[in-house]
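The next part holds the structures, each set out as structure tokens.
Common to both upcoming complexes is subunit A, partnered first by subunit B, then by subunit C.
This part shows the complex of A and B:
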């Protein structure tokens, strides 16, 4: 043990806190997701979604990618959540969630699907060899930009087509509404 | 320097103290400035020049009961004012006041500030919705549509500056401007860009800061003549106080960003004694301009406000972006 570690007692070191903060981020993500799914009022669901997004941004930060973390907040909290709130406010003011009569099979089927997905992800997570030791790159904007326009340009273009389809779909729906 | 818990705590406390002190005394400055423009004395009873007014106001607000209206959504009603203050304090973490005075310089500093600034509109939205008051509701819809409209030209203009600097690191952006006044990003000729449109992008950025902080002439969210007091109609005591402090903290951040992106941060105009005092000087000159504009211009209408952004500022800033990209490619 070198003198510098003796000089600063354990309480003042940040390294021990990192694990705690990571767990807090995981908890924020899960709690936000639960609020988003289970709340009665739609605006509260949006609030839950915002909390969830912030938790996910925190996880990205831990994965050594501050750029993606900041983009997560900027796009999902600043744009997507605000747009969803707009949609809610423009729609009919409905207080309670509509819960229609569901079939007997809905519960077991839902549970089975969830179990299958969770199991599949668990198997995937355990079987994959995670390249933790190999740091891919420094996660800087320049590297991400280069990768997106060289190795992953196909994915990049496909994503932009998805966005284009979404915009066209929104226009079509809006057009129909105008004729009514 | 090793990062210890003590450093973190000190940095957080300093950031909160700076934000809160500024918020408190900018209210005083605003009231004195307004009084001066309207040829009346303003708050001048408590202490010399009325300097004790902000702490007394704070004590008054804290001593009051926080009333929650009957139909309100309690949890969100209480969360909203906290959300108004939280992003502002987070942003102070990465703002460099000088070469050495910065809590945590990040390579994505610009992004971090805009990410947290974009959370501010959520607070207005929640406040208006949870109050269960139609004026609050209308106000929050207005405030959010305004925030969304002006975030776009603001971000595009910022991207222009980031392209010129080639970095999102706030310190790096300042360092590139630090040689002399002519290298500041606002001036077109000697700087890094050779872009004749830079003064206009400064103007666009400044207008957007005014609108993003809900300041007059763009304070449609709390238009008293139409919407009582807007989204904070139902808030009393420190709930209202937090919204107020959040607004002033956001003004400080907006001015800090303008200083860093366009006015050379802490560098001196004549190359003498660069340091935090130049930053503070530029910061408070910009804030004084904010106050000056608020008390000299009448409020616009909501249509005028949205048209200005979507029909003028966004096309202009997009053109500026393309033009700058072309110049960078050519030179």
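This part shows the complex of A and C:
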């Protein structure tokens, strides 16, 4: 992007160390995602999801937003992954039946679809010349808070209502299932 | 372009996001159980969030917008997980299975 940053940093320097940490984060993300979508047991899949989310939080840190990185760990790892593992304990029986894709074609076809989509997006991203605009502010946590309560206050309230309705609905649906 | 300077490139993040999105799609297509599909959909959301954050960091004039959007994606993902998991628990109470093929009561 910026020509001055394209120079290769030395390995034993601060920039080189940052690059190494970034590569480790990318590796954590990719490996976690692979575990999440390939492992045979659901519990391992959730563990892979947690690893992947921690790597994604590291990527957010590299993208200049420690606040969103913290929220990623707090919400995804702390709430969503724990909820999913609770549901696995409540609902998932140990697989008595055959595991794996339902038909022989599902694996290769799914892989082809995913590879086509991912490759298409990647090529599209690499071939496009993205315009770089001048920054209006520094994107700090103070600015996020200010805009969240001024420009985006309507969306903020709506998301709160959606969360409230979702929690109540989840309670009602799970309870009805139990009475049956 | 060197390997250690990759963290300062927009394209790196876009490719990572595309790869995670693809893994999510793969999981959604091939998983048998409903919880597995839900986990895969979380991967898809994570990929799109990385995309928003990357554009927010490198190209957007206002670097708050992408972060706020990612926070809203997180809230929607949490709501989706809560609703989806309660539906899965209700389905399990009814069918005693969370396999996507067993929940076929309306099939003629």
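Methods note: the second predicted complex is superposed on the first by the 103 of 180 C-alpha atoms of A that agree within 3 Å, B and C clash if a C-alpha of one lies under 4 Å from a C-alpha of the other, contacts with A are read in each partner's own complex, and residues count from 1 in each chain.
Quick note on the criterion: contacts are C-beta pairs under 8 Å (C-beta built on N, C-alpha and C of every residue); 3 or more make two chains touch, one makes a residue touch a chain.
What you see is a predicted model, and the numbers here were worked out from it, not measured in a lab.
Looking at the shared chain after the overlay, A:47 reaches subunit B, while subunit C stays out of its contact range.
Contacts of A:114 after superposition: subunit C is touched, whereas subunit B is not reached. Considering which of subunit B and subunit C touches more of subunit A, the answer is C.
In the superposed model, A:89 lies in contact with subunit B only, and not with subunit C. Look at A:67: by the touch rule set out above, it reaches both subunit B and subunit C.
Of the two partner chains, neither subunit B nor subunit C is touched by A:161.
Once chain A of one complex is fitted onto chain A of the other, the partner contacts of A:79 extend to both subunit B and subunit C.
Annotation: subunit A residues 8, 11, 67, 71, 79, 86 touch subunit B in one complex and subunit C in the other. Here subunit C touches subunit A in the complex through residues 1-27, 29-33, 35-36, 38-40, 42-43, 46, 49-50, 53-65, 67-68, 70-72, 74-83, 85-94, 96-99, 101, going by the rule given at the top.
By the touch rule above, subunit A contacts subunit C in their complex via residues 1-2, 5-9, 11, 15-16, 18-20, 22-23, 26, 29-30, 33-34, 36-38, 42, 45-46, 49, 52-53, 56, 59-60, 62-65, 67-68, 71-72, 75-76, 79-80, 83-84, 86-88, 90-93, 97, 99-102, 106-107, 109-111, 113-115, 117-119, 121-122, 125-126, 130-139, 143-144, 147-148, 152, 155, 159, 162-163, 166-167, 169-171, 173-174, 176-178, 180.
Within the complex formed with subunit A, the residues of subunit B that make contact are 2-6, 8, 73, 75-76, 79, 106-108, 111-112, 114-116, 118-119, 121-122, 125-126, 129-130, 137, 141, 144-145, 147-148, 151, 168.
Contact residues of subunit A toward subunit B in the complex are 4, 8, 11-14, 17, 41, 43-44, 47, 50, 66-67, 70-71, 73-74, 77-79, 81-82, 85-86, 89, 140-141.
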